[in-house]
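Several structures are given next for inspection.
Shared between the two complexes below is chain A, which has chain B as its partner in the first and chain C in the second.
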Partner chain A sequence: MLTSLYVEGDTFLHRQRPGAKLALILVLGLALYLTERMAVQAVAMAITGAIYFSLPMTFREALYRLKPVLFTIAVLGLINIWLLSPQEAAVSTLRLLAVVFLAAAVTATTRIADFMETITWALQPAERLGIVRAADVSLALGLVLRFLPDIFAHYEGLKQAHAARGIAFRPVRAIGPLIILALKDADAIADAIDARGIRGR
Partner chain B sequence: MTTKDIVLVALFAAIIVALGFLPPITLAFIPVPITAQSMGVMLAGCVLGAKRGAAAALLLLVLVAIGLPVLSGGRGGLNVFTGPTGGYAVGFVFAAYVTGLLAERMVREGQPEVRQFAGFFLAAIVGGIFVDYAFGIAWLCFSTGMPLAKALYLNLTFVPGDLIKAGIATLAARAVLAGYPMLPSRA
Partner chain C sequence: MDIRFSDCSVKFKTHVALHPFSLTLSERRIGIIGLNGSGKTTFAKLIDGLVKPTSGTVTVNGLDTVKDAKAVLTVAGFIFQNPAQQLIMPQVMEDIVFGLKAHGLKPAEAEARALAALARFGIEALGPRRVHELSGGELQLAAIASVSATGPDILIFDEPVNQLDLRNRRRVVDAIHALSENAIVISHDLPLIEDFDRVLVFHEGRIVFDGLPAAAIAYYREIAGC
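Up next, the complex of A and B:
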């Protein structure tokens, strides 16, 4: 159900360090937001678009992933043609597309484990100050993926409980009980984690 | 944070993800379909309080950033943040924090029911709607060049749906407070 957006491959982007790729998004974003020249935005969009669509996935898959954001950008672009000017609308639309393509390309070429390593590295200063522990972040991320099926199971259970009693099931009414069911697990899980000494001392 | 706090934060992040899988509700009088995910953010604040609620929202954003399609409609990846509506996603963290802060201040066990409802509703509106919109609109205007007044106007189409979500979050948060209170323990 939850599959990472990473795409297996060995392109130039795949081989770069995640920190460098994140920095690239930041630098390109800043650079593009500093200029209003349409030609610059168009070239940037053409390059990042070419990079994104040349990744080892089908064109349909590549397009499908970005459908919601492309739709939003298109709608806002059309509104801006009317609100501002066609020129300004084109500049901001091209810029958004350029940065979105690059960001999507970085997402598709970076493994979750590599992102986690970068997060751990970035958290070092905070860890030294005792604000947050990088290991706790990894633990929490793992727990989310572990809990998700449980929550869907609770939801199904509530549905069946309603059906068994002949009550019409309304998803909205299930939210309260769903949260209570989920929270009730928390104590047992926390005890299990501590019993195994996962967080150390 | 204790181990239990971490577990609660992770549980709630999972609940927010799960809410994104509920089919969007389309109401006749609102032009945009309602997705339940931003309601999860309101609930995080109302149920867990400021710190843990914000942590749950932040954890959700980390899931998005590392490339998991956990937002409603299967959205995920870094392009969520660089797109024109990225501000709404980033705003989730602050929305949960403010919602939680207000809920902690206004809602107590043993209060009359009406006051609890009112407290949660107000917290969800101020945090989940005002705060989130502030971040969303700021980035929307900056990234698309749209004038502020127009962006505010465009945003109005989401208000009825978000008010309904605040209402549902209020009912659910109050049910949790009555059935299994977490808010008093904070973090």
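Up next, the complex of A and C:
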């Protein structure tokens, strides 16, 4: 079972500052969107993929974490083949994979608390202009990362509930119950945040 | 502890969750019992300001739960039925530190206070553990440590030993009994509250009994028909 998006370890990526890692995602994303060369996209994907799959977790877990996003990228790829040329579809798919692998690697090597501190710091100028409350934005991001494994747990629970009743499980059937469970969780978590006096300070 | 309800009621759309009542609570250990849906949790959430009264007022140590909502949260802490949902950070220590920093403590001070909170409940080993890996009893103790670390005068528990095995139940019960803070405990586990100072029995949105535990439990059994 996926219990946390953070993976304990002491890799090169673990030791880098969260701000630098987030900046790297931004730079790579922008750079890849400036070129249409398939070779560049393929090399970028190979490098980020190698970084992600070399992190201290099993290949199976690494793949499991990305299952929903890889599924989405595959669907997008198929749509692109239909709408564009196979060459363009391949470039776009490789580009997405490169960015996703890097983002997943950064997520797996950065503690949520560090993420939140960095986001809060980065948003200080926007807070001074009265655009956002930096602490609220970082809390929202932190909550997504913290409770994402709970959504996976609910999904697994639904699968098992289907199996226990001898009903064939189809992922699309889980969407409704998952949304309801997530909303119920969100209610309880919001209450807890209010009770702990965390928000709006 | 000084909690006062004055002509207080709670209504959710057309459903009356709590009929008008007035009450003062000052005892160190107060139990709340009643059937499911009788208004116990709504009552407890009124104290923390998580539910606002539809009519009347609630004050906690002189603070109004509507006008002084933020200040009330520093006086009264709430431990939820599912503590996993109130531990926001992935690791126990991180969570306690996060809560303390949100209350304005500097990182070093927050860490020292968090370590002291873990030590207070004898759960230092849980500090680096991931919330998802903890058992039900460990989760409860971590939540108690996390909430009490901020120094509230009152701790409110919503069914703290629900679904715990005997060993974990014992650990949580011992922790509650040893608290120096005032405690208000909603429980279906009647032995937990049998040596409390005062017990309220809720039924269909009303406080139908208010007195000593033995008589309250007998009254509750009568309502439940067992």
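Worth a mention:
Note that in this section the second predicted complex is superposed on the first by the 121 of 201 C-alpha atoms of A that agree within 3 Å, B and C clash if a C-alpha of one lies under 4 Å from a C-alpha of the other, contacts with A are read in each partner's own complex, and residues count from 1 in each chain.
Convention: a residue touches a chain if its C-beta (ideal position, glycine included) is under 8 Å from a C-beta of that chain, and two chains touch if they have at least 3 such contacts.
As the structure is a prediction and not an experimental result, all values here were calculated from the model.
Look at A:195: by the touch rule set out above, it reaches chain C but stays clear of chain B. A count of residues in chain A touched by chain B and by chain C gives the higher number to B. Judged by the touch definition given at the top, the superposed model places A:68 against chain B, while chain C stays out of reach. Shared-chain residue A:100: touches chain B; no touch with chain C. Legend: residue contacts after superposition of the two complexes on their common chain; A:84 is shown touching chain B, with no touch to chain C. When both complexes are overlaid on chain A, the residue A:144 reaches chain B alone and has no touch with chain C. By the touch criterion stated above, A:112 is placed in contact with chain B and with chain C alike.
In the superposition on chain A, contact of A:185 is made with both chain B and chain C. With both structures placed on the common chain, the touch criterion links A:76 to chain B but leaves chain C unconnected.
In the superposition on chain A, chain A positions 3-4, 6, 112, 143, 185, 189, 193-194 are in contact with chain B in one complex as well as with chain C in the other.
Across the complex, chain A is touched by residues 1-4, 6-11, 13-15, 17-19, 21-22, 39, 43, 47, 59, 62-63, 65-70, 73, 75-85, 140, 142-147, 150, 154, 168, 171-176, 179-180, 182 of chain B. For chain A in complex with chain C, the touching residues are 1, 3-4, 6, 111-113, 135, 142-143, 146, 149, 185, 188-189, 191-198, 200-201.
On the chain A side of its complex with chain B, the touching residues are 2-6, 22, 25, 29, 33, 65-66, 68-69, 72-73, 76-77, 79-80, 83-84, 88-89, 91-93, 95-96, 99-104, 106-108, 110, 112, 115-116, 119, 136-137, 139-141, 143-144, 147-148, 150-152, 155, 171-172, 175-180, 182-187, 189-190, 193-194, 199. Chain C meets chain A in the complex at residues 45, 48, 50, 70, 73-74, 77-78, 80, 82, 85-86, 88-90, 94, 97-99, 102-104, 130, 132-133, 146-147, 150.
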